[in-house]
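All chains are identified by letter, namely A, B and C, in their written order; residue positions are counted from 1 within each chain.
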Amino acid sequence: MRDNLVEQIISEVMNKQTGGAAKHSAASFAGCGLTEFVGTALGHTIGLVIANVDNQLHEIMNIDKKYRSIGILGARTGAGPHIFAADEAIKATNSEILSIELARDTEGGGGHGCLIIFGAEDVSDVRRAIEVALSEIERTMGDVYGSPAGHLEFQYTARASYALNKAFGAPVGKSFGLTCASPAAIGIVIADAAAKSAVIEPIGYASPAKGTSFSNEVIFTFAGDSGAVRQAVIAAREIGLQLLATLDPAEIKSTTTPYI
Amino acid sequence: MRDNLVEQIISEVMNKQTGGAAKHSAASFAGCGLTEFVGTALGHTIGLVIANVDNQLHEIMNIDKKYRSIGILGARTGAGPHIFAADEAIKATNSEILSIELARDTEGGGGHGCLIIFGAEDVSDVRRAIEVALSEIERTMGDVYGSPAGHLEFQYTARASYALNKAFGAPVGKSFGLTCASPAAIGIVIADAAAKSAVIEPIGYASPAKGTSFSNEVIFTFAGDSGAVRQAVIAAREIGLQLLATLDPAEIKSTTTPYI
Amino acid sequence: MRDNLVEQIISEVMNKQTGGAAKHSAASFAGCGLTEFVGTALGHTIGLVIANVDNQLHEIMNIDKKYRSIGILGARTGAGPHIFAADEAIKATNSEILSIELARDTEGGGGHGCLIIFGAEDVSDVRRAIEVALSEIERTMGDVYGSPAGHLEFQYTARASYALNKAFGAPVGKSFGLTCASPAAIGIVIADAAAKSAVIEPIGYASPAKGTSFSNEVIFTFAGDSGAVRQAVIAAREIGLQLLATLDPAEIKSTTTPYI
C-alpha cells in the first residue's frame, strides 16, 4: 500500500510539474490591495497595470513615452494561450501591444512562459485590456494538453489582430492557427498533418534552436480560409494526442475545456 | 515514520526530476498505430518518420528538397546520448543528418533535450536510422549519471562519423570523446582532468553562455588516439563522480549500464 | 488524512523545486578529498580551484595565460547572490573576475544558475576568493524569497567592486542595488516602485528576451547614494512580497535571513 501511495503522489507531483498542466484556478480578480494588481489566471499568470510609469524606468525599458500607462500580462506557464488572449484584448479595447517576450519556462516543462506589455495613454484602457486577457485565458488554455512526458497546444482564431501579428507575423484580419508540441519531434509530425489536411498558408516554423527561447517545442503557424485553418488544427490535434500518449501512460487531459 | 515517508517520496520525486535520471524504459517499438511512429526510448525519447514531407512544410523547415523522407529523433532529456546514437545510425544506414538542435530542457534538470533530423530519398532508410538510434540509446545513456544536484555525462567512440561532425565538429574517422557536468563548475575541473590524463586534441569547450542553449553545463570534446581518448574520459569520470557527490548525499547511479 | 498527507508532500516538493528556495545547507568546506574541491553552499553551489590549468584547456577556454590558477564558483540555483558574494571576494583577495555566465536554471524555477571564474597567478589567492564567496552566500541569499509560483530577489551593497561591474556594469565604488522577480511581470512593477521611491540612477533593465538567459525574470539594477539605493530596494521588496502572494497561498519565506 505504501508503494501505491508513493506512486500516486509522484504521479500527482509530476503532473503538477509538467508543461501545460497548470490547473491552478481560473481568472481571479481578488487577492491584493495594491492598485497595480488586476488579477491572476491559470498557469501562474498575473495581470498588472502601472498608471504612470516612472520616467527613468520608461527610458531604460525603451518604451515610447506616449504610453504613460502600461498593462502587464505575465505567466510562468504558457505563451500561446496568452498571446491569443492578448489578441482578443486588443480587439476589445483601446490599447496597443508594446512587446511580447517568451521566457524559457513552464516550471520544469518543455515550453515557454511569457511577458506581454500593453500600452495606452489612459490607465483605464490598459486595465480593461488586462481584464479581458485574463478572462480569455481559461478558453485559450482549452486546447493545451499535458502529460508527464510533454504537452500539446492548439490555437485558432477566425480573425487575427495585432498581438498575433506582433508575435507571429499573422496577417491581420485573416484566420490564423497554431500547432505546438513538446518534445519538439512530435511538433514536426503534427505540423505535417496540419499542412496535408487542408489548404493553408504557412506563416512560421519555430524549433528549439530557431524562433523559440530554446524550448523543446516545434511551433507551426498558418493562415488561410477559416474553415481550412480550423480543419488543419483539428487534424494535427488528433495525431498529437496519439503520439504524446506513447511516451507516458497517464491520461492526457485538456487544461480546461477544448474550444476548437 | 511519516517524516521518513515524506523524505523518501521527495527524494524519489527529485530523482525523477533531475538531469540524466530518466529511467523510464529501454527502447520500445510498440505503442501507436500511426505509420509515422517508430518507437520510444529512455529520457522521453521518441522516434518518428515522415515518408513524404508536405511541400509547404519542407520549404518553411528549410530542408533540401531531395530528402523526401525524414526521420526525427527527439527527447526531453538528453542530447549527447542521442547524438552518439545518431552517429551509429549514420554509419549503419543510407541516410544523412540534416539538423541537430539542442533544447534547454531535461525536465527540471540542468541540461539539454534534443531534436535530430535525418534525411533520405526513401522512407525505409530513415526508418532504419531511427530504429538503430533508438536501440543505441540504452548504451549511450550508460555513462550518464544523475543525482538530485546535477548530472555527469561521458561519451566515447573509436571512430566519429557525420552526426558527431555536425554537432561538435568531430574529425570524421578519428576517435572522439566528451565530458560534461552540471552544475557547470564541475565540468571545468573534469575537463582539466581529461586534458591532463592523456595526449588528446581539444575540439570544443561549451559553457552556459557559449555553445550550449544556456544549459548549466560545461561540455569538453576532444579527439585523438583511441586509447588516449578513452583514458581521458575515464579519468574525468572518476573526478566527476567525487565532486557531484559533495552536493547531495544520494547515491549516484548510471542511468543504465556504463559502457566506457 | 491521506489526502492531507499528499498535499503536504506535494507542497514540500514544490517548494524544493521552486526558484530561490534552495534550502539545502549553509557553506560547507568538507566533503571530498580532491585538492580541487573548496566547499559547497546553498542552491547546489560548489566552489573549486585548479592550481595549474592544463595548457590546451586554457587556450580553448580563452582565458589570459597569465592566470595560471583559476577559482570556480558555480550553482544550479542563483546568480545574483553569487555575483554579490563574488564581489566581496574580489574586495577581500588578490584575484580577478575572468568571466560570469548565467545558465537558464534554478532546477525547475524561473531564474538562473551561474558559473563564475576567478583568476590569479597563485592558487592560494583564488582558493581564498572562493572561500570568501562561499561564506557570503548565506547572507546574499537572505533577500531571496521563494514560493511555488515564483521568486523575488533583492541585493544591496554600499560599494560595488569589479564583479558587479563585470556582470551588471555597476559603477565601481558606488552603492548599487538590484530588484528581481519571477514571473517577470512582477519584476516590472517592483522596478517602478524602486525608481519612484528614491533618487537612484538606473543602470540596467533585463527581461526574458533581453539581458537574461531567457529566464522568466525582470531584473532592475541601479546605483546612487547609499541611503537611496537601500530605500529603493526596501520599497520594491514590500510590493513584491504582496504581488507574489497573489499567485500561491504558501507562505513566502526568506531563503536564509534578510540582510537589507
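The working rule: a contact is a pair of C-beta atoms (placed from the backbone, for glycine too) under 8 Å apart; a residue touches a chain by one contact, two chains touch by 3 or more.
This one's a predicted model, so the numbers in the text were calculated from it and none came from an experiment.
Annotation, chain A versus chain B: rotation angle of 120 degrees from the Cα superposition, expressed as a multiple of 5. Look at the contact of chain A with chain C and you find different residues on each copy: under half of the numbers used there are shared. Here the spacing of chain A and chain C, counted between their Cα centres, is 29 Å. Multi-chain contact residues of chain B (touching two or more other chains): 9, 13, 17, 104, 108, 213-214.
Against chain B, in their complex, chain A makes its touches with residues 2, 6, 9-10, 13-14, 17-18, 104, 108-110, 149-150, 182-186, 188-189, 191-192, 195-196, 200-202, 204-205, 207-210, 213-218, 220, 239, 242-243, 245-248. Interface residues of chain B, counted against chain A in their complex, comprise 5, 8-9, 12-13, 16-17, 24, 31-34, 36-37, 40, 44-48, 50, 53-54, 56-57, 59-61, 70, 72-76, 101-105, 107-108, 113-115, 117, 213-214.
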